[in-house]
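Chain naming follows the written order as A, B, C and D, and within any one chain the residues start at number 1.
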Amino acid sequence: MKLEGTQTISAPREGVYRLLSDPAVIARLLPGCEKLEPAGPDTYEVKMKLGLAALSGSYQGTVKLSEQRPPEHLRLTVTSRGPWGFADGDGGFTLSEQGGQTTVHYAGELKVGGMVASIGSRLLDGAARMVIAQFFKNLEREAAAE
Amino acid sequence: MIPASFEYFAPRSLEEALQLLAHHGTEAKLLAGGHSLLPMMKLRLATPRTLIDLGRIRGLSYIREDGGRISIGAMTTHAEVESSELLRRRAPLLPETAAEIGDVQVRNRGTLGGSLAHADPAADYPAALLALDAECVLTSQKGTRTVVAKDFFVDMLTTALQAGEILTEVRFAADSPRTGSAYRKLHHPASGFAIVGVAARLTLDATGKGSAVSVGITGVAPKPYRATGVERGLLGQTLDAKRIAEASAQATRGVEPLSDLQASARYRAAMAAVFTRRALAAALGRAQKQG
Amino acid sequence: MKRKEDPRLIQGLGHYVDDLSLPGQLYAAILRSPHAHARLRKIDRSAAERAAGVVAVITGEDIRGVLGTIPVAAALPELKVPPHYPLAIDNICYVGEPVAVVVADDRYRARDAVDLIEVDYEPLPAVTDPEKALEKSSPRVHEQFKDNQACLWKIEAGFPDRAFKKADRIVRQRFLNQRLIPVAMEPRGVLASYDPGPELLTVWSSTQIPHLLRTQIAAMLNVPEMRVRVIAPEVGGGFGSKLNVYGEEALVAHLAMKLGRPVKWMETRRENFLATIHGRDQIDDVEVAVKQDGRILALKCRLTADLGAYHQLLTPAIPTLTGLLMLGCYKIPAVKIEYVGVFTNKMATDAYRGAGRPEATYLIERMVDLVALELGKDPAEIRRQNFPKPKDFPYSTPTGVIYDSGNYEATLKKALELAGYKKLREEQKKLWKQGRYLGIGLSTYVEICAMGPSSAMPAGGWESGTVRIEPTGKVTVLTGASPHGQGQETSFAQVVADELGISPDSVIVIHGDTQAVPYGIGTFGSRATAVGGTAMFLAVQKLKDKLKRLAGHLLGVDPKRIEMGEGKLVVKGKPKKSKSFLEVVQAAYVAKTLPPNFEPGLEATTFFEPSNFTFPFGAHVCVVEVDAETGDVHILRYVAVDDCGNVINPLLVDGQVHGGIVQALGQALFEEAVYDENGQLLTGELMDYAIPRAWDVPRIETARTVTPSPVNPMGVKGVGEAGTIAATPAIVNAVVDALRPLGVRDIQMPLKRERLWALLEARGS
Amino acid sequence: MGVRISVKVNERSHTAEVEPRLLLVHYLRDVLGLTGTHIGCETSLCGACTVLLDGKAVKSCTVLAVQADGADITTIEGLARDGKLHPVQEGFWEEHGLQCGYCTPGMILAGAALLAENPGPSETEIRRAIAGNLCRCTGYQHIVNAIQSAARKLKKSGGRKV
């Protein structure tokens, strides 16, 4: 499933970039992330609890940062697996600034497997949107708090 | 096919249920009819640690009218809504919608409150609740608060229910004279959920103009919504087929339709317009019949 | 006659596999891969082994060298056969492939422990598009093979290239026959028990082929076949999906032997979607050469079949049936078919109701309509013009089969009359003018039934039948056909009772137990009555001869003068001179006054080998209206005129036809197994995969013509698949016909609303 | 941790200690041995597990046994009374309303529940009423005929309570 979109954050680009590349912040951006620990260069192990009302589950996985070209581009690769299958996201973030605001363009792909893929397809579009919206909402909040 | 283990409570009173809910926090799920929750649990997409069964609490299942306001207890089944003489007379939109949910067996067990609290983006009831301008009564140990339907549905599978709250009742005004309503739905061929579901209610004034028009749409977006663009195009206007068709074109204004295997966003948008028109046309016919 | 099966089934007294329980029984649950293609790096089962109630956890390592591979019984040139283990050993090749089995003391705890197994997969690139899989750059499903081509099979006859040069027109079309999921209402299930005293392994399985299963799992388990008993109890539908040998059957049997306790496994619906065979999945690139007058001179087809990751029992053979039947009920003198089977990272395809023949009928019936469209002729006319005439039968086709008997024009005529074809066409013109989309679709089909002569069947094409008249005059019939819903307990009893002149209530039909019934082949390919029924019919004849001989002896007349009927054996022309049926039967057992050299007792077995397949045929007419706004298809009429030879029980035949048509309707309108490009099955439950419900289905109008088959003495042909074979193109032809004013010439199945809506919208409806 | 439940099934009372997650269908099949109720899916879509719970058709795979505490349940085994088949059972037999028989118990109970509420249903009403029960064999036509035939019989005999 392709994911692409643009979000505007009311903060300068350097700041947004710093947030997006800081593992401690990423842990707060990823919805449901409970734990994030280093596990190699630019790679982190994560524990997540993803909850959509009744549907909830614990995931473990990795977060990897790559293609880091401050302050304009970086790539985030998230893998996760749990009892209902796996969900792997991989996407590039491109940041541009205008009038003190940062536009974040993201483009990537989400691969899900197992139970989530075969029963969740009806809800997948909406769920992905929700997670992304949450991610950027958290980012906005972090930026505001800086 | 087998749910994971959980701790089970069957409180006998609402107070007891609220207490349990407060105590167990987010690890607990409420069990009403179980027709949203149990399938998810059997697939282990949901694995709540604690289940609080509301089925033993007396007094959560009722349909009554008081001074033009109708109130329905959260544990009222779809079948009870569907067959309620009171509702058929005073707010026929809701029974018409209930009749479109799932199948007979599902309607015999599924409840109004359970369905609303689950907030499936393709559930039928939310469209009707929006069109009825209903209020949801949320009860917690701190007391009750009411949330209008528009604010109750927050996002996909997400409602305004806060930790410790139980949806206990739904209220709305009974139809005033010269009111017509209809629910029209495009069924998902497998699950029966709404690919598009449109609930319309309109009231005509003495001159045949729309004095109140409301349209609730489900299935199209991550959460159900009021088609305000459509409503604005009809309010205060002399209603006829042509005007309804024009207004219905606004059915998805301001929303980004969902896309899945059965229906792309483009098709959903087009069907939202078609079914809005059909629902409104049927509602108009019914309102005129009363005139 | 009412069915003998029904009293138990309508009272909940039938026993399907999951209804059986044995003392000390354990339950198995299976962990399956969420990846379509991966290497198995490590499996940590320790937590599962420690879990409450768990008795054993096994993985591929435990069966390496212990259990044999899942068999494929199809001989094709250049067939590549990858080893297919009941549990994945090193590699995973499709989502749903079994990775580990947990055995516990109850099904809840077995299921719990599955979640505790940790598997480390190394995901590999997957390929799901068969055409991409044939490209050089494609990931290989099986590393040991140089490419993903599983097999190649060709037919060429009657100089097709020359015919194409002589053609006035060439009509081409690509058809996608989408992948389907059989969805028998009862999922698969296995219960196995080993008795170490007599060294007897008993396996209850929801199968269509108990005897073949016994032979195959004995081989997989490396135990002598006579130490294995397979029982097919009540089977809740098969549609080909249980015409197979599955890894779970061997695994559960193996576990029962290993653990010394009975083990049961029941498939969940999700597993049924992921890991029970799928059907169809062909791409057919077809071209036909036609003359201006409508005669079809030749057909060429390149058939690309997506076989999935492994072969199941008949996987690569199914498309060859498409090849054999591709010319349909038309006299097309030249043909060229090239079939390429392809491996992809999906579940295997295999025989699903019709097994290759629906695909053939679909493409030829769609093509004939396209020819009519191209030439501006009525599709009924093109059909008539190309039918072989009654005098042409038996008719040998260029694909090498001999149609036994037929009168195709008669069924078409009857169907058109019943439907009121002429009037419908007039109505259609009127509605088109009003912007409404009425369509009329025809399908004139022939199919290959009564599988079949052994020369054409991988494991023999005969069937066994035993008839035993008990000393009390009651009759036990044993049949190797193993029906599962088709009602042979009734129709066979009817035949035997008719032959013996007794009441059907006095006849019981036993099937599905390898210990009771002589070796048999099973129920599939509409063969139970024509082959299994014939075996039984011939066995009855042997007993009739014996009874007449004995009666003649008792009455002191030449046995040729004895007639049977109404519970008596009577001397011809002397109605008073008779012996009751029971008297003669008892005489055979008491054995005191037997003719010389007369073997006591009354039991006979026949193994019947048919000389040919049978070829039922018919004409279906479907009338639809397409909702111009939504693309919804409303079926207004459905008329089916079928000719399945002689009919034993009309109600049962109607039931088969109705069910078949509705399954075809499922394919035409709703059903589609969708895999994403990573090999995930997106339609993995009944929530997403629509099979027809009562309200999706029209009332079906049936009628028949009767052209007996010369292949067997009862003149029967078979009807189990006719509806499914015939109806898909009838419905699609109707919908395409409805949208003809928009210039539509083909629509890909399933005819989803959105697909039709897009056509309507694009052409400015 | 068990929960004590008491239910009446086919006129007989039962008491048992059950795990809260035990599904009603497993209680009926595995604990009481009433295997006439079948399981065909896990998403409440197929209806094979339909039973009557306090007279209403429900899918027993989507009800916890603990939810049925105190309830009166009828399964297919309890539909015939005093050795006499229920008219819907008779209808299925006479009209060839079944083939493999797997969906049949659920289908019959759905039909019986319909006729208890609506003794003279139209064909459309019948098809709507059994839309929650999937059958892969019959194409539904003979099932519809069976329910119609039962309705005619019931009308003649002046009705019968399920």
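Following the convention adopted for this analysis, a contact is a pair of C-beta atoms (placed from the backbone, for glycine too) under 8 Å apart; a residue touches a chain by one contact, two chains touch by 3 or more.
None of the values given here were measured: they were computed from a predicted structure.
J.: Between which chains do we find the greatest number of C-beta pairs in contact?
T.: Chain pair with the maximum contact count: C-D.
J.: Distance between subunit A and subunit B based on Cα centroids, please, to the nearest Å.
T.: Distance between chain centres, rounded to whole Å: 32 Å.
J.: Taking each chain's centre as the mean position of its Cα atoms, how many Å separate subunit A from subunit D?
T.: Distance between chain centres: 48 Å.
J.: Counting in whole Å, what is the centre-to-centre distance of subunit B and subunit D, each centre being its mean C-alpha position?
T.: 29
J.: Would you mind listing the residues of subunit B that make contact with two or more other chains?
T.: Within subunit B, the residues that touch at least two other chains are 1-2, 4-5, 43-44, 188, 190-191, 261-262.
J.: Give the residues of subunit C that touch two or more other chains, as numbers and ranges in rising order.
T.: 107-108, 115, 268-270, 682-683, 685-688, 691
J.: Out of subunit D, which residues touch more than one other chain, so two or more?
T.: Residue numbers touching two or more other chains: 19, 21, 39, 42-43, 45, 128, 131, 133.
J.: For this structure, give each pair of chains that are touching.
T.: Taking the chains two at a time, the touching pairs are A-B, A-C, B-C, B-D, C-D.
J.: Which positions of subunit A touch subunit C when the two form their complex?
T.: Answer in residue numbers: 83, 85-86, 111-115, 117-119, 121-122.
J.: If we count contacts the way the header does, which residues on subunit C are in touch with subunit B in the complex?
T.: Residues 107-108, 111-112, 115, 268-270, 629-630, 669-670, 674, 682-683, 685-691, 696, 752-754, 757-758, 761.
J.: Which residues of subunit C touch subunit A in the complex?
T.: It is residues 34-36, 95, 115, 270, 273-274, 676, 678, 680-685, 687-688 of subunit C that touch subunit A.
J.: Help me check something: in the complex, which residues belonging to subunit B touch subunit A?
T.: Within the complex, subunit B touches subunit A at residues 29, 36-37, 40, 43-48, 117-119, 121-122, 155-159, 188, 191, 193, 222, 258-262.
J.: Residue numbers of subunit D touching subunit B in their complex, please.
T.: Going through subunit D, the ones touching subunit B are 1, 3, 19-21, 23, 39, 42-45, 47, 50, 53, 56-59, 61-64, 66-67, 69, 110, 113-114, 128-129, 131-133.
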